[in-house]
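The following block contains the structure, expressed as structure tokens.
We just call them A, B, C and D in the order they show up, numbering each chain from 1.
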Amino acid sequence: MLRLEGIDVHYGATQVLWSVDMRVAEGEIVAIMGPNGSGKSTVLKAAMGLKAPSGGRVLLDGREMQDASATERPRHGMAIVLERRRLFPRMSVHENIVLGAYARPARETKGSLEWVLGLLPDLREHLDATAGKLSGGQQQMVAIARGLMARPRVLLMDEPFLGLSPAMVKTVSAIMRTINGEGVAILFNEQDAKLSFALSHRGYLLESGRVILSGSGQEMLDHPEVKRVYLGVREEAAR
Amino acid sequence: MTEILGRRPALSFLICVGLFLLTLVLPLNDYVLHILTLSLIFAIFASGWNLTLGILGLKTLGHHAFFAIGAYLSAIAAFYGGVSPWLTIWVGAVLAALAGLLIGLPILRIRSMPHVAIVTLAFAEIVRLIFSNLKDITRGELGFWGIPPFDPVSFGETTIRFGLGNAWGSFILVGLFFFAVQGGLLLLLRSRPGLTFAAIRDSEAAAESLGINFGAWKLAAFALSAGIVGLSGAIYAHYVMILTPTSVAGPEMLITLLAIIIVGGAGRFFGPLYGALLLTGSLELLREFGDYRMLLYGALVIGFVFVAPQGIAGLKFDRLRRRRGHGTNESSSSA
Amino acid sequence: MTAPLFLEMAINGLISGSIYALVGSGIALVYGTTRVLNFAHGELLMIAGYLVLFFAVTLGWNVLLASVVTLALVGSIGAAIQRITIAPLLAREDWAFRVIAATIGLSIFLQSGAQIVWGEQFRTLPYFFDGVVSLGGLRMPVQRLSILVIALLLMGLCALVLYRTSLGRIVRATAQDAEAALAVGIPAGLVHTSVFAISAVLAGAGAILLSPILTVNPWMGVSFLLKGFAVVILGGLGSFGGAVAAGFLLGLIEAASVMVLPTEWRDVVAFTFLIAVIWVRPNGLFAGREA
Amino acid sequence: MATYTKGPVAARRILALMLLAGTAGTAQAQDVSIGVIGPMTGPAANTGTAHREGMELAVKEWNEGAGDYVSDEPPQVELVVEDSNSKPEVAIGAAQRLMTRSDVDMIIGDTLHSHVTLALMEMAPQYGVPILSAEPVSSAIADKVLSDPERYALYYKGNYNSDGYGKAVHGFYSWAFENDVVPEGDKTIAFVVEDTDYGIANAEKIGELFEADGWTVAATETTPTGTTDFYPQLSKLRGLDPDILVSVFTLANSGISFVRQLDEQALEASHMAIFYPTRPEFMEQAPDIADGMFWAALQFSPEITPEHQAFNDRIEAEFGVSANYSHAHAYCTMVVALRAIDAAGGTDADAIASEIGGTDYDCLVGKYAFGEDNTVQSGPDFIPVPVAQVQGDASQIIWPENVATAEPQ
């Protein structure tokens, strides 16, 4: 349902994405994997409209999104969880979450909040806490909750595991599966190949702003190139 | 650096000198010379301010304080100390530079643009009020009169006199000061320190990684800029021969100079000259409009900010670059 | 100094402080959300002063009605200034300085425009409230006390809007993280414009409260702008509460200065205090408590 | 090349324009041309406009045969008005323009400001043109003339020195103490004055005269021009409890606010207001709060002087505004200049200057005669500086006794 076709992005005179094609089908979890600076985050920002592409199209259910600004896209069923959570630090958790429903009609807010707290029950006890004072993992949950409040059909997640403890990574992965179980498609990015492709139905490998490989999660993990460069390097580094 | 100086700055400089010499043989009346002299004094002021504002990228709004310090302290030294203005103007300039160090220290530590703008503005207000309140010395708003003009200079038979009413001598003298300051700045900007300034403006992080000591450089540049502005104030004092705190350190001085820099081109080496000539000159022509003068002034500043943010000095330059297909990546960060 | 005189001095300080707080908190609100320093903020005071004069004196309306209409108009003028002169610059490079230059130009433009339209007649509004409160040795007209009370009420109301309404929520969200606000669908343009309107209303309220005791003239905004800026820096850039607190503090310092020194040193004391604070605490007196 | 020649080309164009402007001469249809420099724009433009109107009326009457001529063949006069914007350097530019473009024979200026006049008077020896200033009062100007009489031989000051008020205030209070109009108390005096040479010079002069009588100056508070909130100052003064309080402002609004706040604060001092009650707006807004207040100097009062009423009618017919003191003073200054030029029988600067010096002429506000310091003299025989009191809704002169229109209340 979400399609990126031939996306080019420039920062000033420098081109960072070169004709990127991607798609996310109904109910899918899709990973974008790639090294630092390969343009993963830019893909998500371009999809959300936070960064205007210099070429190509973003389609949601076949409808062109170019004319819809970032603030309108949540109305069409898209939401994003930004890198490093980006909560409103001096507001309460409750305020943060409710702001996620800004693009939706006010009468839905209550129902959405119940739905989100049902998915993330741990947040209930922190609703009055100041968002900036929570731990990184708790903040990530708030950020996800905020994204879900827009009742998205596709949720974009920018580096959802960045800076989390291994235990927290597990928790967040589990949450992502739960959300997906509710029918929300997810497009996320992550540097760790194993983590990326184990969690996702399908994945893309991005290098220097170009998609160089795509396939199902398992296919990607088994691909010799991924094994040699990404898994191999990681294993050596781990040793 | 080309972006600041334009290409072949030395040639531009020589053309300006040539034009100046040309005006000397024209039959100009005292009034036109008075206007040109004021323009050149403001052009020196603007060049000094431009050093921090445009070239160093520090958005200060209080340089009229240094103008007032240079003007008043040189005038006080000459009036009470009986010292020749040829010497006291340097006292004024050095003291203005010291004041620059004083106010430069806290604002360079902070760097955030609103802080720099507001703190320097407040500093200028303090300076204005102090000169206004020390009535025993400055006579306050009544005006500090009796400031001696520059001592006359004799070449054999001919004696050149300066100060108001001696339009020719004053114009030549201010012209010489202007070209000395511009020439000095030109040499400085093309030398190592000049390149450092540009580096600071273009990328603080990059310059830092090259091991350039920021604080000291910025402070030095700031003091130099304050000193040049102080010098222009001192020259002004011995030309006009009367000072009031409002006329040298009031808000209108800030606005006049800001307009000169914006219209001329902030950060462009020749910007101040163009701006000073155009604004001082055209506003004299617009005198007939009386009340509408300041209205046009405001509109002019807004217009230039929108239409030609690089000022007159940047006009052709940009167009040419665009034609060659280069992207624009000038100007610095904004905090 | 006798106790009533001391108290009177404190009240005088709080009264001028309340106006600094009104002006400063508006500037802080705009800076906090949009990172814009509006040098034409003082002219909003001036325009409000002339509008209220026009409605209340020229047309002879009831003061309350005149004030409400004035505030509505000034709010719209503030919004229009943001839309027309500031918003188009935000997308450009080096915008922060360009906004300063453009708003300085606008400020001159409005001042001389006002001078052409209304002349340089210095005018004053009649008192809204009669009577003098006399307590022991202390004498204070009701009109002046009302400035303090109404200013406090207005700032309280503004805080209520900021912290208890959905408009306030999106304003604070934009102030705390503009991109995240955009990502949840909060339209930044709307927020910026409404913040300008609110700050214009605060400045306008200051002008209305002052107009019976200060002259309305084309240049009246200049000194308040400088004081407003000082208050914003003292309070910690962009902090609404900090600006309010710093406004009252500055008013008290000035009143104390007049008691001890001749009047002409008052502003020297105020601005020297500002620079001294910047030397010691670059982030202001109440740093870390933004909108 | 094209990248940098733009600027010099632009500069050359401006230069050409300026040359054009500089040489475009004005056709001289008149015999004599007088330049006027005053604050036509800026905060003092109201007063500058009054000056212009007063002078235009004088010139109009002169050219239309209604003037008070000296010779049988008075010259036709052209008036050129330039703006000083209340700034010395602007006024100097204006003077140079008047000399080089309009080729004027005489300059009247500055019409209002002492600090502008201090700069402008330098133009007299520089260009050999007679200069007569109108309303400025600062004694510093006269001191400057006395310091080098030869250099400033062409300069005359068309108003009395700032000690004129000082002498009047001091003289009035000496009389008032003797006649028990005002109690002397413990001899302390305080000032609230605007931060101009006008306010400060007056405070200094009055302070000096009282100190010589054994008084103490308790405080001198100077406030920026246009100030209308005097609470901090008044609170302080209430603590100091002076016997006499002198206030000097040029703007009526400052005065109205001051008087009103004084009333609210209920200070016990005897209040003497200087200059601002002259403004018509003051009496319109202040009567009930100002009742009983003393003030100096009631020099223009259409209500009680028929001659002033007649002048007021002429101004009203010509410009549609009521006349104030500035109209009258400017009118008289211009008449003094016109008569001097007429008497000189030509445009020779020295002749005009010596005729100004020899002026002995009764005009609306008193008799114009210049002293050794080239300054108009004040006092009962020249321009009187009377003290008035607000009584009911009008002001009455109460001192000196020979011109008093009412008893003090």
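Of note:
FYI, a residue touches a chain if its C-beta (ideal position, glycine included) is under 8 Å from a C-beta of that chain, and two chains touch if they have at least 3 such contacts.
These figures come from a predicted structure and were not determined experimentally.
Distances from each chain's CA mean to the overall CA mean are smallest for chain C. Of all the chains, the one whose CA centre sits at the greatest distance from that of chain B is A. Across the two candidate interfaces, A-C and B-D, the one carrying more C-beta contacts is B-D. Each chain gets one centre point, the mean of its Cα atoms, and the points for chain A and chain C are 43 Å apart. Centroid to centroid, with C-alpha atoms defining each point, chain A and chain D lie 77 Å apart. In terms of their C-alpha centroids, the spacing between chain A and chain B amounts to 53 Å. Chain centres here are Cα averages; for chain B and chain D they lie 36 Å apart. Residue positions of chain C touching 2 or more other chains, listed in rising order: 115, 264. Touching two or more other chains at once is no residue of chain A. Among the residues of chain B, those touching two or more other chains are numbered 132, 291, 293-294.
Within the complex formed with chain A, the residues of chain C that make contact are 169-170, 172-173, 176-177, 179-188, 290-291. Against chain C, in their complex, chain D makes its touches with residues 42-46, 195, 219-223, 226, 228-229, 231-233, 235-236, 238-239, 251-254, 256-257, 261, 264-266. Against chain B, in their complex, chain D makes its touches with residues 2-8, 10-12, 14-15, 17-19, 21-23, 40-41, 45, 83, 87-89, 92-93, 96-97, 99-101, 114-116, 118-119, 122-123, 126-127, 138, 140, 144, 195-197, 200-201. Note for the complex: chain B touches chain D at residues 6-9, 11-12, 15-16, 19, 23, 26, 28-32, 34-36, 38, 132, 135, 139-143, 145-146, 164-165, 167, 240-242, 244, 246-247, 270, 273-274, 277-278, 281-282, 284-285, 287, 290-291, 293-294, 312-313, 315-317, 320.
Residue ranges of chain C in contact with chain D, taken from their complex: 1-2, 5, 8-9, 12, 15-16, 115, 119-124, 132, 139, 141, 144, 213-215, 217, 219, 254-255, 258-259, 262-264, 266.
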